[in-house]
Amino acid sequence: MEALLAITIGVLVATSVYLMLARNVLRFIFGLVLISNAANLIIFVSGRLTAGAPPLIPEGADGPVGDVANALPQALVLTAIVIGFGLFAFALVLMFRAYTTLGTLYSDDMRIAEPRTEDTT
Amino acid sequence: MIDLAAAVLVFLGAAMTVVAGIGVLRLPDVFTRMHAATKVGTLGSGLIMAGAALHFADPAIVLRCVLVVFFLLLTAPIGAHMVGRASLRLGITPWSPQQDTDPQKNE
Amino acid sequence: MNDTATATQPKGNGLVGLIPVGIALLLFGWFLSLAPAVAEGQSLRLVWDWVPSLGIAMSFLLDGLSLTFALLISGIGALVLLYSNTYLAGHPQFARFALFLTSFMLAMLGLVLADNLIGLFVFWELTTITSYLLIGFGHDTAKGRRSALQALFVTGAGALALLAGFILLGFSMGSFELSEILAQADALKAHEMYLPILILILAGTFTKSAQFPFHFWLPNAMAAPTPVSAFLHSATMVKAGVYLMARMHPGMAGTDVWFWTLTIAGAFTAVFASILALRQTDLKQALAYTTLMALGTLTLFLGQTSGYAMTAFATFLVVHSLYKASLFLVVGCIDHSTGTREADVLGGLGRVMPVTAFAAGLAALSMAGFPPFLGFIGKELKYAGILAIGSEPFLFAAALLLANALMFAIAGIVALRPFWQRTGIALPRKPHEAPWTMLAGPVILAILGALFGVYPDLLQTSLVDPTVKSLLGSIEDSKELKLWAGVNMPLIMSIATVALGITLYLAHKRLRPALGRLVDASPQFDKGWDKFLLGLKRFAAWQTRIIQPGILRRYIFATFATVLVAIGGTMIARQAMPTLPDLSDVTFQNIALVVLISAGAILTALTSSRIAAMAALGVVGIGVAMIFIVFSAPDVAITQLLVETLVVVLVAVALLRLPVLDENGRDHRPLDAILAGAIGLSVTLVLLAVLETPLDLRLTEYFEVTSWPEAFGRNIVNVILVDFRALDTFGEIAVVVIAALSAYALLRTTHPRKDP
Amino acid sequence: MNTLVANIFFAVAWMILFNTFTWLSVLSGLAVGYFVLMLIQPLAGVKSTYFKRVWYWIRLLVMFNYELIVSSIEVLWDIFTPKHRSNPAIVDMPLDVKTDAGILLVTNLISLTPGTLSIDVSEDRKTLKLHIMFADDPEAVCRSLKQGMERWVIDAVEDRE
Amino acid sequence: MTWTLATPLVLPFLTAVLAFLARYGAAGRWFSVAGNAVLLAASILLMVRVLDQGVIAAQMGGWSAPFGITLVADYLSAVMVVITAITALAVSVYALTDIDARKERLGYHALFNILIGGVVGAFLTGDLFNLYVWFEVMLISSFGLLILGGNKDQIDGGIKYVTLNLISTILFLSGIGLLYGMTGTLNMADIARTLDTVENQGLVTVVAMMFMVAFGVKAAVFPLFFWLPAAYHTPAFSVSAVFAGLLTKVGVYALIRMFTLVFDGDVAFTHQILLWVAGLTMVTGVLGAAAQNDMRKILSFHIVSQIGYMIMGLALLTPLAVAGAVFYLVHHIVVKANLFLIAGVAERTAGSTNLDRIGGLYKSAPLLAILFFIPAFSLAGFPPLSGFWAKYVLVAAAIEDQGWIIAAVALLVGLLTIFSMTKIWAEAFWKPHPEGADPALSQLTPQARRHLLIPIAGLAAMTLVIGFSPDPFVTFAKDAAAQLLDPTAYITTVLGGKA
Amino acid sequence: MTLMDTVLTLGFALVFIGVGLALIRLAIGPTLPDRVVALDQMTVSIVAFCGLAAIRSQDAAFLDVALVLALVGFLATVALARFAERAVGRRKAQEEEENT
Amino acid sequence: MNSIILRVGTQYLCGLLVLFSLYMLIRGHNEPGGGFIGGLIGSTGFVLFALACGTADARNALKVMPQNIAMAGLGIALLAGIFAAFFGDALFTGQWLFINETADSKGIPISTVLFFDIGVYLVVFGSILSIVFAMEEEI
């Protein structure tokens, strides 16, 4: 399954790169969400997969019973998901604000910080 | 015996889920599809939860299953109501047997 | 420009003006007191371990060469500072001027005294900076700023080469101490790095000394106030290059490269500059070009190793400094007094400015090389020196003769005509004699020129011989300075010089157009500078337009292309490919999950409906959550689903005010698709390769064993979050807080509204 | 409401007495508590509709589940048959239920019953817009809903003295 | 010991919380100043300890390495923390005047101090994932600071900044995942130790390249620097000062750390690429600056150019070269932050940072002229200012290593740097003001003058101190380089003697 | 292989098919509410999926996932529906403005 | 938003969500849950509130500015970490106190780790709400 997931991650990355390269920055946001998922899955799958055994310690035991899933990547992914959400929220608000102040979502038309006529010679 | 009952419930639930999927895909307009999603879907999940409750037969777990169903019953109709209302305001007219085409694409 | 605009308010500058003079005088006195010891062949060394970690010391060495320079610098410095006190009296920026000029003098002293390559370089650059500030004293005009930049840029460029040369030299010889390096002259000359070192050092010295083809900045530097020109561009800064060549002479001279480079460059500069000088009508400009001529001559001599040449070098060095500084100051007096420096306008000043005329006359005679002035001795030695050249002596002698004749003519133009010719043209101001503070300099310097001419021994023992000793290691080959050495070749050449000089003087007005044509036909370095700057700016702008076009998509494309090269390229270059993956354990459930996620992702990428894209994102989120469920990560699954929900909520809110995705036409980008596909493939391959390596689970095992007994938690994931790796979590919640604050600020910042 | 708390309190006490926490003990505790409360009602002087209400609730739940299952089959039939047999329509139904909880319960339960879906309640809370899948006779559907589901809900949640 | 390391990390967050909760009054900004003063004290204490004991490490939460998160300070980390604290203090004083009450109410001080916290965390952590977290802390607070004010150019620049940095972030995170998948550990010392045993060393290089790109974006190297010139000229001056000084340097720090400690197995490949990157970064950056006509844009492109020098030191990987990189880092932070602060004063007095629209500062604001002259000519590499030594050490290292081309490039770029610095000098200071009277500092209130000029003067004084007395700094940089090039002590200390 | 195992395998397959069908509806739309309904249907299916996962792994932890989703999942539906409704309101308002 | 059904549903759901989120927070150390999940769930309660009844009502109900909640949460989490200093332990070393400790059970735990998790909860809760509210108020 790890291998299959690796392929899925490839698909996620490819689609998100395609989205991020689009003219409309809203697509960048969509790509961002996808690629964050891809990155999280990379971490998750790097810790290898175990089906049906969450890393919980049952009552009365001192440690998990049997082979349980790798807890560390789970914690990392959880962290990364929340960070990713923060970044996403900010990016979305930024694009939103861009539209309301610059009047466009097309990045080609966003030329305030680096104006087109800038030719100092 | 309990195992058998649980298995039957689980099977029925899963079947309901797939029926709901079919309904969402096949039914002619958004209102009828909502019928399938809201009710049949909820029913499917509810049956599986019932199966799980029977299977585990532990009070704490049963409570959780009951809560799942309770939450679903509480929230699913509200969601459906919102979608239905929005559809109406979008001007989507309900399908009727007289017309056989999908309403116009919106958005 | 007229830098004496403030002459109407002849306020003194008080202490601010006098302290620098005092400093200079003290230093001059101190060096003078050391002169006897040096003349006896001692050299004084002072070491301060400045940056021992880099082998760089502030070591100073006082030998004949550096003493000669030090005396010229501090002595002329004192006079120039005194002079400028009046010249710039009451100028609002006088304090800065005095500070810069004093700093310059001190830096120059440091330069000639330093015995450590890097120490020398530090002073070298300090002279560059201070001269930049001095040349840019007239910063109100574009011309003044241009000149300052030009000087800085050209000498700065040379300095960088010099630095490289010094570093290379230091590493090659195992020391940055000049005296140690020069002591191993043979090793240096035989070193494989000799040639690069030589080229780099000469690049520094040629630019500093304005040797052809770097000469063009010097005349422009005349934008500086006249005292600055007198000091920097006669006696000191431009001579820094000459000094350095002289300093390196014992270690590097004697090779063919050294000889030819210096000889040709020096000779060419000398002639070329003299011709240019004759063209000028601005007295200061004319003097500036003669300075170039002198520098060329000095360079020419340093190309040699004969005693004549060295003696000639040492003598001419002093001669030139004395008369040139004097003449510059005279021109300053004229300018100060009349408001103009135009040779064709000036005339008849001899009666109103007798003292100035006297100083000018003495200096000009020295410059023209009349006996009994030191200039004459200098010239004789020059001819003797040039005739001692090993190859093509007559060619170079002819060149020198021409240059000297031109100089003769210019001496007349600068020092005779303004005072004695009649023009009848009204001057901008009614001329008057300059105050004593301004006359002291030119007069003293001019008199010294005559004094040394009459008593050449004085100069010989105190400065020339010690200098020659620094250059050749001994004074055995030093030639005697005398006014009369019998009828010899140099004397004949002197006579020829005078004859030619008089001719040129009389004909110079008629010659000017011809010279002008000649000069116009030759490469225009000064205009070339503008072209260079323009070209540089254009190139920079072009490059920047290409690299930084301001279009986000290109940035992202370049970034991803780099990513592809970095990952894919390295995979191929370093042969990191995975073997074929094992897909035997795949179940229907797995495939269904993968299809679900991929379908969602592809739908997101390809749909032109915002809502479809958003819903498809939701599908991916759900699919990923299902992976977390299947592979035993309930906490992560819950988080994923919650976050996914909030993502949809936020987007749904935001979309209310955003337009549809494609307002004009569909979004179809094959090139992007290729790049995206390639990156996706690379990521998959890397991941597959990583998954082939066995995973070490000791961290996880530790967490499993300690989670309950030591951290009292049964949910290992949560224990990692709040205990084992609490610091991560802390940072993460900081991220969340800040993301919220930032988003909030962004929303509130443009539409100010009351905070609820 | 106080009575419900009391009932739960009795159930908890029951479990503590038996020192168990099982499915059975919870149910039996609630049941026992209910009966005890009913017994002590005159004693405590509680004039409460609680006892009746419990029965109404049970009726509501039972009837709802019955409706759910029966009409599900109708929908299923429509999904599986190639031709859509349904004849959907949107209908306005007058609403008698007044309280917030009542409205929520009625609309939710109607939605959960296959074949009917609450779309919206008017601002004045007087009408409910419904989507009915088999609306050959919309009036009849409304009538049965009013007499069935709405009645049961009003009985269960609203104080109608 | 553990709190010596933890305190500099904790303080900025504490400051942020207090400053935020007090954001409606004057207390907020003074919390910020005081907090950063204490931070400076704490970081000096840290430095003293490090100088005394070499590498020091502390295990957070009491969980021993590699299981918990280790904070670790070697010479490089310690000096970066100190310089961060200095910059932070300077900027927080400057901000007393530069930041208006509206920005304060929106949480400027919290954003700023958490940014500092992130920077300190990045310098002190010995754990790769933790480094990622601090990078995120920095990144997101920089987002907030960048757009605070909400001008059109800020939004536009912000979009470029945010998008490109997010790509880097994702790449970083993925790289961590992959590295974990190969080594099973997150502790950098532990990774360094175990990475040598990985069978597929080519794969290690691939992952190394991923990190190079990820940190390359953060460090703004060619061809990944686009976001920097697009954004750095847009925010408040105190913000661009701290960005210019600190942010890209964290990327450089991470590159140095990773490519000396962890990815030192394929130097012939990775560091050769770094060398190319260094050269191209220097040249493209300096040319970009030459094409600009705005003070802050010029300075922004110069950041890029000078990052090239630091990368050059890393790429050459000789003791002298790495020492040069370390020295350059320290020098550059002080100088660059200061130049941006000065640009702010120039704008306040002359009305703009566009060189066409300003002038006359030399005549009427001589103090500002001096204060600009020192860092500007230091940046241009004139002796005896700090920039000269930085450049000297690097060029010397290149020549020693026979890297003729890179040495030549470094020198040439130095020349072009002079060109831009004098351009600012000539246009903003020498040239008369194009319209109306020459600007003077007396236009500012005495209080504003104090707030704005004291930090500038302090930083300029540091430039002078480093310039005139470089020996302790060079010695330190050499020691730091020795530690970096032989990470044994680092690894042993982190892992508690289990190297 | 017990009966339950068989049922579970079958159940997973059925749930996936259900989700897949909803996915198709989501892709083809055609109206916004259609897509919302499809997404809603998928969310509810995940609750079922969690139940199956819990039984298969004998671990009630997955029921917690279901619990959270059952409670929170409809929020997305509500937000999207509200979006649709408001978007219409906006468009109408805009048109009115243009007409006057 | 003038949907009666949603408004009424929200009355119940909001409280339910907050209650449930606290439950997830408290038990998070031993079962799925914790500060993040709790905070996320808790915030959805008020997000729903804002969607149904408008942000003004939601803010009134919350009483404190969400940013302040978030920042206070950060402060609590930090203090929970610094607390270890009083016992000479490293930053973020968990400090535990067990009430009613007996031979076979540790009793009811009170720990800095719990406070840390509460901080996390507040941060997530406050942050999400400040973004969502501000965004809502833009349209």
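We just call them A, B, C, D, E, F and G in the order they show up, numbering each chain from 1.
Everything below uses one rule, namely that a residue touches a chain if its C-beta (ideal position, glycine included) is under 8 Å from a C-beta of that chain, and two chains touch if they have at least 3 such contacts.
What you are looking at is a predicted structure, and each value in this text was computed from that prediction instead of being measured.
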Farthest-lying chain, centroid of Cα atoms versus that of subunit B: C
Most distant chain from subunit E, judged by the mean position of its C-alpha atoms: D
Which of A-G and B-D has more C-beta pairs touching across its chains: B-D
Centre-of-Cα separation between subunit C and subunit A, whole angstrom: 48
Whole-Å gap separating subunit C and subunit E, where each centre is the average of the chain's CA atoms: 26
Chain centre separation (subunit B, subunit G; CA means) in Å: 31
Distance between chain centroids, defined by C-alpha means - subunit C, subunit G (Å): 61
Residues of subunit F whose C-beta touches two or more other chains: 12, 19-20, 29, 32, 36, 38, 53, 57, 61-62, 64-65, 67-68, 71-73, 75, 78-80, 82, 86-87
Numbers and ranges of subunit D residues touching at least 2 other chains: 107-108, 118, 120
Contacts with two or more other chains, residues of subunit A listed in rising order: 20, 25, 28, 38, 42, 44-47, 51-54, 56-57, 72, 76, 78-79, 82-83, 86-87, 89-90, 93-97, 100-101, 107, 110-111, 113-114, 120-121
Interfacial residue positions of subunit A with respect to subunit F in the complex: 51-54, 56
Subunit F-touching residues of subunit B, taken from the complex the two chains share: 3-4, 6-7, 10-11, 13-15, 17-22, 24-25, 30, 33-34, 36-38, 41-42, 44-45, 48-49, 51-52, 55-56, 58, 60-61, 64-65, 67-69, 71-72, 75-76, 78-80, 82-87, 89-92, 102-107
Parts of subunit B lying in touch with subunit D, wherever the complex brings them together: 19, 22-23, 26-29, 31-32, 34-36, 38-40, 42-43, 57, 59, 62, 73-74, 76-78, 80-81, 84-85, 88, 94-97
Complex contacts: residues of subunit D adjacent to subunit G: 100-101, 103-104, 107-108, 118, 120-121, 123, 125
Residue ranges of subunit F in contact with subunit G within the complex: 61, 64-65, 67-68, 71-72, 75, 78-79, 82, 86
